[in-house]
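Several structures are given next for inspection.
Two complexes are shown next, each including chain A; its partner changes from chain B in the first to chain C in the second.
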Partner chain A sequence: MGYTLISRSHFDNVATSTVDFTLNSDYDEILFVLSGFRPSANLALGFQFITASEAGYDRPIQSTAVQNHMYCHDYSHSDMSYTHSYDRQHTEAASSSTQFALFGPSVHTGKSHSNASGEMTLYKPHDTSFYKYFLTDSHGYQSHIHDWQQYNRVAHTAGYVKDTSALTGIRFVSSTYLGDQDGTINYLALSMYGLE
Partner chain B sequence: MATKAEHITALKAEYSSLTKLADGVRSTLSDSEYEATIDDWATTRAAEDVREALIESGGESTAYVEHRTNAFSGYGYKSLPDQLDQLYHDIDDGKFGTDAKTGTWYAAVKAVKDKYTKPS
Partner chain C sequence: MTLTLISTHTGSNSAALEILSGIDATYDEYQFHFYNLCPVNDGVDWQFQVDTGTNTNWNMYITSAGYNVWNKEGGASDDAQVVDHTGSTDIQANADQVYQNLTGTVGSDSYEALSGVMSLFAPASTAFLKQFISRCTAREEDYARDHWRSGMIGTAGYTVGSGETTAITRIRFRFESCNIDTGVVKMFGVK
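Coming up: the complex of A and B.
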């Protein structure tokens, strides 16, 4: 048996502050497929979790991100880089955090064709004995000042939610690289699949 | 650079109301949710203004490594190929002395440049 489509959020040109999905105990493996994302400003798609005992999406998250990019207008601007501020650290967040982890690269809205897509896996969000692990693989297509300065940006985030309580929901927002919510999601196609 | 209060005013002018989506169902934020969201965004933007000013103007920062190496800011180190190109031209201009032009690295790069020439 393959993945089952649980829920889908899809909208075009509707300023949306938060996009939430309920997580239940029906599925051990959760797969989010992001087909398209555009925020109101130059921001990334961020995510956070909630449990039954919490009032907000504020779980301590430990995660690290790495990205590589290729400016395609010449051969000189490409690298794989690590940037500390993309990480979330549960030791800094203490018992709760309003910082959002990063699903993928930011989308520069100055160019109409910039976009991002990708996937995120989340293992046993309902488990009550261990922390919940997640991985993202995502891409962004953008151009810089001019259309011919196009580049492909690939980002990978790996981490865990430092909470042994069952996660009951996940929230997606437009986020800075530092994990702060800002602005709206204006275009989104995001589906949640489950595997029993 | 705008203050948090100025950002709040601008955000409220831009968004008279806000909506959210939960399990595919859209609804309008309550007054308290709206105020809290605008406050969050304004806090973020005021902090970003300070951060961006530091990136542009420079100065002491615990994030100095990130500011130096950020490939996207336009204010940090150039890419490695660009840095090597700068080094090549410094050697070519004699800034490292004439002996530097006899090195294998300079000779190899120059040989490629001489083989594939830039149109005038």
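Coming up: the complex of A and C.
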């Protein structure tokens, strides 16, 4: 059995605050394929989880983040480094203050064709013994309004949801790179696949 | 891309998970998906070796490189580090016949484990060295970790072990120095 398409969210030019997917125990591995994300402002795609016993999307997430970037306007600079502002401390997602982990780099909307794409793998979200582990790979085009400041940016995050309860849902929002929900998602093409 | 589940291997206080059949010319790529693999002892590396079926000693020459990324709970430490043959105890010596680390240390607490995936390309080729890429995430001692490794099987450089192009038919996963408490490895064929 290969990947099974479970659900897909696709909209264009519709200001949307939250996009939710339901998680269940049918699959050991969930793959999210992001084939286009564009926010209302210079923001990133964030995600958070909910469990059956929680009222909100606010689970503690501990994650790492590394990025590569290159100036795509003149190819003059490139680098790969750990990006502290893109990782998450589990304490940031206390119940009273939702903090979203990042699917990928922020998209800057200086150009109409800028967007982000990538993949996220979530392992055994229904498990009740272990924390829930995930990996992301993504690419974003940070197009500043000035032509002399165009970024080609790649982000890789990894980590775990520090909760042994089964995850029952995931929410995607437009987020600051610090993890605060902001703005809206104006374009999204996001598919959720299950792998048995 | 279509994945076909070939076999499932469950660890339960197991010394290793050996996949001794199903790796052949049917698929150009084999993926090994790791689900919540937890060691019996704390702080050990998840590793693999392969063999050709004629050499059953699990000691193929492998040259690989990688890097590790970490972020400790509480914010005490976060960074990324290239993993080569010159570094700390977490670092895998390359170009040798030992098991290759796919992770740094993994914790053994009841909620700690590793998950991830390793791809092995064209194992049935008799013309080329065999290449692999891997990425795993894990927790150990309050650290979230992201481990990357890729390399080639059948060479140790220009001289020693160079040019071993015999088809690979078997793979063996283990923790470095203890049994596998729990966890699952699934092997998929990719077309």
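FYI, the second predicted complex is superposed on the first by the 178 of 196 C-alpha atoms of A that agree within 3 Å, B and C clash if a C-alpha of one lies under 4 Å from a C-alpha of the other, contacts with A are read in each partner's own complex, and residues count from 1 in each chain.
Rule of thumb we're sticking to: a contact is a pair of C-beta atoms (placed from the backbone, for glycine too) under 8 Å apart; a residue touches a chain by one contact, two chains touch by 3 or more.
None of the values given here were measured: they were computed from a predicted structure.
Upon superposition of the two complexes on chain A, no clash is found between chain B and chain C, which fit side by side. In the superposed model, A:3 lies in contact with chain C only, and not with chain B. By the touch criterion defined above, A:180 lies against chain B but remains apart from chain C after alignment on the C-alpha atoms of chain A.
Once the two complexes are overlaid on the shared chain, A:84 sits against chain B and chain C alike. Judged by the touch definition given at the top, the superposed model places A:196 against chain C, while chain B stays out of reach.
Once chain A of one complex is fitted onto chain A of the other, the partner contacts of A:134 are limited to chain C, with no touch recorded for chain B. Of the two partner chains, chain C is the only one touched by A:158; chain B is not. Legend: residue contacts after superposition of the two complexes on their common chain; A:59 is shown touching neither chain B nor chain C. When both complexes are overlaid on chain A, the residue A:17 reaches chain B alone and has no touch with chain C. Taking the C-alpha centre of chain A as the apex, the lines running to the C-alpha centres of chain B and chain C meet at 110 degrees, rounded to a multiple of 10. Annotation: superposed on chain A, chain B and chain C show a minimal Cα-Cα gap of 12 Å. Note: residues 81, 84 of chain A belong to the chain B contact set and to the chain C contact set alike, using the contact criterion stated above. The touching residues of chain C, when paired with chain A in their complex, are 2-5, 33, 35-36, 38, 69-71, 73-75, 78-80, 110-117, 135, 137-139, 144-146, 184, 186, 188. Every residue of chain A that touches chain C in the complex is listed here, in rising order: 1-3, 28-29, 62-66, 80-82, 84, 87-91, 121, 123-124, 127, 129-131, 133-135, 156-160, 162, 164, 195-196. Here chain A touches chain B in the complex through residues 7-9, 11, 14-22, 69, 75-79, 81, 83-85, 98, 176, 178, 180-184, going by the rule given at the top.
Interface of chain B with chain A (complex): residues 15, 18-24, 26, 29, 37, 40-41, 43-45, 47-48, 63, 65-66, 69-71, 79-82, 85.
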